[in-house]
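Notes follow once the structure below has been shown.
Labels run A, B, C, D, E and F following the written order; every chain starts at residue 1.
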Amino acid sequence: MRPSKRNPDQKRVVTMTRNVSKHAEGSCLIKCGDTHVLCIASLEERIPPWLRGQNRGWVTAEYGMLPRATGDRMRREAQAGKQSGRTQEIQRLIGRSLRAVVDLEALGERQITIDCDVLQADGGTRTASITGAWVALNDCIEWMRARGMIAADTKVLKDQVAAISCGIYNGTPVLDLDYLEDSDAETDSNFVMTGKGGIVEIQGTAEGDPFSEDEFAQLMALAKKGIGELVTQQLEAQPQD
Amino acid sequence: MRPSKRNPDQKRVVTMTRNVSKHAEGSCLIKCGDTHVLCIASLEERIPPWLRGQNRGWVTAEYGMLPRATGDRMRREAQAGKQSGRTQEIQRLIGRSLRAVVDLEALGERQITIDCDVLQADGGTRTASITGAWVALNDCIEWMRARGMIAADTKVLKDQVAAISCGIYNGTPVLDLDYLEDSDAETDSNFVMTGKGGIVEIQGTAEGDPFSEDEFAQLMALAKKGIGELVTQQLEAQPQD
Amino acid sequence: MRPSKRNPDQKRVVTMTRNVSKHAEGSCLIKCGDTHVLCIASLEERIPPWLRGQNRGWVTAEYGMLPRATGDRMRREAQAGKQSGRTQEIQRLIGRSLRAVVDLEALGERQITIDCDVLQADGGTRTASITGAWVALNDCIEWMRARGMIAADTKVLKDQVAAISCGIYNGTPVLDLDYLEDSDAETDSNFVMTGKGGIVEIQGTAEGDPFSEDEFAQLMALAKKGIGELVTQQLEAQPQD
Amino acid sequence: MRPSKRNPDQKRVVTMTRNVSKHAEGSCLIKCGDTHVLCIASLEERIPPWLRGQNRGWVTAEYGMLPRATGDRMRREAQAGKQSGRTQEIQRLIGRSLRAVVDLEALGERQITIDCDVLQADGGTRTASITGAWVALNDCIEWMRARGMIAADTKVLKDQVAAISCGIYNGTPVLDLDYLEDSDAETDSNFVMTGKGGIVEIQGTAEGDPFSEDEFAQLMALAKKGIGELVTQQLEAQPQD
Amino acid sequence: MRPSKRNPDQKRVVTMTRNVSKHAEGSCLIKCGDTHVLCIASLEERIPPWLRGQNRGWVTAEYGMLPRATGDRMRREAQAGKQSGRTQEIQRLIGRSLRAVVDLEALGERQITIDCDVLQADGGTRTASITGAWVALNDCIEWMRARGMIAADTKVLKDQVAAISCGIYNGTPVLDLDYLEDSDAETDSNFVMTGKGGIVEIQGTAEGDPFSEDEFAQLMALAKKGIGELVTQQLEAQPQD
Amino acid sequence: MRPSKRNPDQKRVVTMTRNVSKHAEGSCLIKCGDTHVLCIASLEERIPPWLRGQNRGWVTAEYGMLPRATGDRMRREAQAGKQSGRTQEIQRLIGRSLRAVVDLEALGERQITIDCDVLQADGGTRTASITGAWVALNDCIEWMRARGMIAADTKVLKDQVAAISCGIYNGTPVLDLDYLEDSDAETDSNFVMTGKGGIVEIQGTAEGDPFSEDEFAQLMALAKKGIGELVTQQLEAQPQD
């Protein structure tokens, strides 16, 4: 029995609300149960120095947590004077995941930055960030298209991308760990997949004992199911009133 | 005529929603027009080293802005590796303003930190932070009282505190500048006052030409009116559904 | 009775000595009682990047304290690896105050930096810095005029600017707090005014109980008197032997 | 055909030399082809603050690259003033991988740090670091046992751990990518497994197009073969003359 | 002919004024021609952690330059966020030089920090700092003796210490280089010696061509003469009016 | 009797192996007894900004120590976030010493950086770095000559440069201190000399009592002997198998 009473293959209630920022070119507030992440896309007419002259754009991500997003208040990274290794690892993952479905040539010499800021955390913030970030990115690209910056028939996004975690909890493979489950799980794996089911990124970590190939295969099957549901929800997301 | 069509002595529509965080001991989302600030109070059973052994507590504040809270994306302070002078100035102001109405002895040897994070900015973020922070602080203290950490009849908060900005726009003193007005104002003053009308902090700055004593008196009168309305609203704030 | 035996409206003995640096384009050593600040103006033929192409110059300030300027030695900021929030707040105030009386177009595309370094502190270092900085700035501009960089009849400085603190000590409003008084004062306000009496900046803070409008008006009256005396002294300042 | 002329399931020539440091409690120089990593174990009689009073020890890792370990010289991280996100990600991975096979209670209240410094890089530095680090860690524990710090029959290491990368190169799954192959590979996966074949960590990344479940299964099979060879070599490693 | 018209063995006019700080336990303003350094001794009843329990004290130094001490304004180190290599090298040298004549056991478990801040620079700031620092240190120790912290007959300072630079200018060995000479000199050597003529520190650097043993011997002879004069002046230094 | 049983004028066994890096333009692994330093020369087609347009190149050095190069593990500088004063002092010394024998005009507008990384330390790491760095630098220049970047008859290196330490141990001047001797020595001096015997840099420090001119002369005589041997060995260094 999961603490959340969910079935092993049942993910949390997920909502995605678009257009939640007055200023941004694209935005999405994603809630996966009690995990709430604000994903904001910003378009800039400049690219990183190392990309100049290549007729390509860039998509990148930054990640942050409000200090009291968690049960105990954590030190504000701006005050600590640096981003933690965990923060950097996560924002690199979000950026790579998004770029896997972007045609950077089609984007032109521009950069889109997706800021994923966790307002409240209850496990799975990195996977929620990826899922919500794609919605914000998609809206940013449509914003550009509406202004003629991208031609009507140019496909910048090659596919959708979404992510979810799975783990082995009390010996049973389960989908979409919340914080309570995650703290106790023997294994924690994050899966990033496309709308068509291709694998973009896999991160599996044995927290306690090593896991077997068979266990890993069961986790991947759960992830496929969950991500299949998420990509449907991405397309149904509505703007804020 | 103000760009916002408001009368000179009319502040923006303000809403304050309490209890917006699953984890925090007190919280308030304040919206002053399009300026939205999340104010979160965190209680910690520790005090700054320089306060040890004095049988007193401490109340402090931290301030941050999401990178795209503004019209153009700003660099994330955690990535820049330091908080700007502006950020430090604002969080020092919020902390001083709150402490002016707190009986630190009555608090006991504990620290309450109020994190004020700007989700969306349209002028007046520092004054909105102070007004919302008091609501979060008050809820944190009632949370402690409910758990017997503070006696039923102990008054930790001596008064309310709220803040608003005023300025001279096109030659006319006006209340509660939004970003468009602020960019053009000749003078920008922030007033922090208590529920009983005492002055806690005044910061007046001539952006262009110096201002006169008489002009300053008119700004203060506007501020008194606006803060009078805000302290009423603080007491009426409702928790999130 | 003030610890310094001064009358409530009596400021400390102030001396300003010009031309105290072999290298600088303008300089002033200001002594307000035991508070000694070295104000050095440096002209540079470059402007901040965000000002390029606007045919305007810039005036800015930096502030520092020698580690043992105070009663107890403080950590050297260069070794701590950053400037404190207090330091940044003060240098921003000095810069804003000076710019309030500068015609930046008349200056041309150049930057003048005023370094205010406190050699010895006894309260009121920020206001002494502003008063002394104006003298150094004025000499720097005359240095430029003497070399034809500014035309004989171009008015770069629109007015003088000076500053002083006032506070309520033992229930009485008093002028120009020294360290001993400042530590005990109920209220501490800094006033920055022009030679013609216009208000440039007001910063009033209730250290203990909030203060009333009437008390604030008395502080402002004291400040006007004190600044009136300082602007006279600025014009009488003599160069070092 | 691989640029290295190796068969798809053929890893590079690997050598591990133990006892290469005059000072350290355990050390191993691992060479995987032209990738050379110095792995040094240091025992310290102290533990991280958050672990105090739990009767457990800690094993952690740090990772660095000499500036010219790579084809182009990279900036020295000590001079840049911070470790890159990549460096932090790698050292967290090495530490987690080692801890998966350590009985921290059996270690006692001590910390072992494994420094993995890349002298020369040609792809696969993180996996080589893990494989070499286990050898250094094992020697460190035997050093402690020889001095009576660990009882003769206490098993601190529950198993061996080693790592290797696999990828899809020109459409073919291949084992142990070198730099040339890695730059061109469509997919890059790192596998960390124990001596008994349990999975400790999986990191799979699609560099270009997403990959399929079937492709991933082939990579895992290659990894099992390669790691099986590495754990044998770990036990055969000889000390320096 | 030297630009300064001095004879080869003639140092600049040197003055040392003691007791120039209201707060410090010892202080000296040393002027070597146009090089002016404020040397301030601060006594603290604490020692560095690594010295605890050894019944010894510590003497250390910090060095800084006001941004416009030099011909061109240099960036403020507190703003740059770090001390330059040059600054660190110099403050280590000053500290070592002073400790060479201090009996640290006789000092007791206390630390004296000498802050050497260059108000104006014209070459030779590090050697002037050492010479002035000894005077401040001596006064600090007498301040302690007067308060019974050091017994009347305890010798804390074993000797005096002073320093001067020499160099080869236009082929001629000369004493006490000023900035103009230093910029052109072929060789620049700094000598630190005790009152009795013992050598404490020698730093010789060939700026252009290497120098010979014979040349070096001539520089050392000049240094001995100059330092002999300085140690006499140290004892004659008078307090400020 | 020295702990190492060496005669007073006997240096440690020194070996230099060239061509130890697959990527670098020049490299040398120098072993002075148990002190091992990897010296790697990197050629870059860019120069520091302040050197632009002068038709000259630049040679610089960086220095680092692996954390466990020493008896106790030291904190990794990349993690501490800055290079220590000692590190900066040493890398400035290495750079100056090399430049003393380089014709920067003949080098052209290019920069060569010599990274000196200490793999294992037993005293004398800075002098070993200089001696080995010259070998790496020489190979880098010959690499350039072989590719026509420097003409066959252009002399870029005007001479050799090497370094060694001397000190007074138990009252006797001795050559080439190892760590054990260095910890106990009364005096520690580093000498940098050219192949022709010119003095490039002298750094003499009295660790305990001041030393006399005569003692210093004896140290210099030992250094001449040792450096004479080192410059011979530099020319005999062989590439790695």
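In the analysis below, a residue touches a chain if its C-beta (ideal position, glycine included) is under 8 Å from a C-beta of that chain, and two chains touch if they have at least 3 such contacts.
Listed by chain with UniProt protein names: A, B, C, D, E, F = Ribonuclease PH.
Because the structure is a prediction, the values reported are computed rather than measured.
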{"item": "Interchain contact steps from chain B (Ribonuclease PH) to chain D (Ribonuclease PH) (minimum; 1 if touching)", "value": "2"}
{"item": "Contacts common to chain C (Ribonuclease PH) and chain D (Ribonuclease PH) (chain labels)", "value": "none"}
{"item": "Copy-to-copy rotation for chain D (Ribonuclease PH) and chain E (Ribonuclease PH) - C-alpha atoms, rounded to a multiple of 5°", "value": "120"}
{"item": "Relative to chain A (Ribonuclease PH), chain with the most remote C-alpha centre", "value": "E"}
{"item": "Listed pair (D-F, E-F or C-E) duplicating the B-C contact set, over half by residue number", "value": "E-F"}
{"item": "Whole-Å gap separating chain A (Ribonuclease PH) and chain D (Ribonuclease PH), where each centre is the average of the chain's CA atoms", "value": "28"}
{"item": "Distance from chain F (Ribonuclease PH) to chain C (Ribonuclease PH) - Cα centre to Cα centre, in angstrom", "value": "51"}
{"item": "Distance from chain B (Ribonuclease PH) to chain A (Ribonuclease PH) - Cα centre to Cα centre, in angstrom", "value": "33"}
{"item": "Residue numbers of chain E (Ribonuclease PH) (touch at least two other chains)", "value": "81-83"}
{"item": "Order of the ring members, counted from chain B (Ribonuclease PH) so that chain C (Ribonuclease PH) is second", "value": "B, C, E, F, D, A"}
{"item": "In the complex, chain C (Ribonuclease PH) residues that touch chain E (Ribonuclease PH)", "value": "21-24, 34, 38, 40, 42, 44, 62, 64, 66-71, 73, 76-83, 87, 113, 115, 117, 119-120, 122"}
{"item": "Residues on chain C (Ribonuclease PH) engaged by chain B (Ribonuclease PH) in the complex (per definition of touch)", "value": "82, 85-86, 88-89, 91-92, 96, 100, 159, 189, 193-194, 196, 198-206, 209-213, 216, 220"}
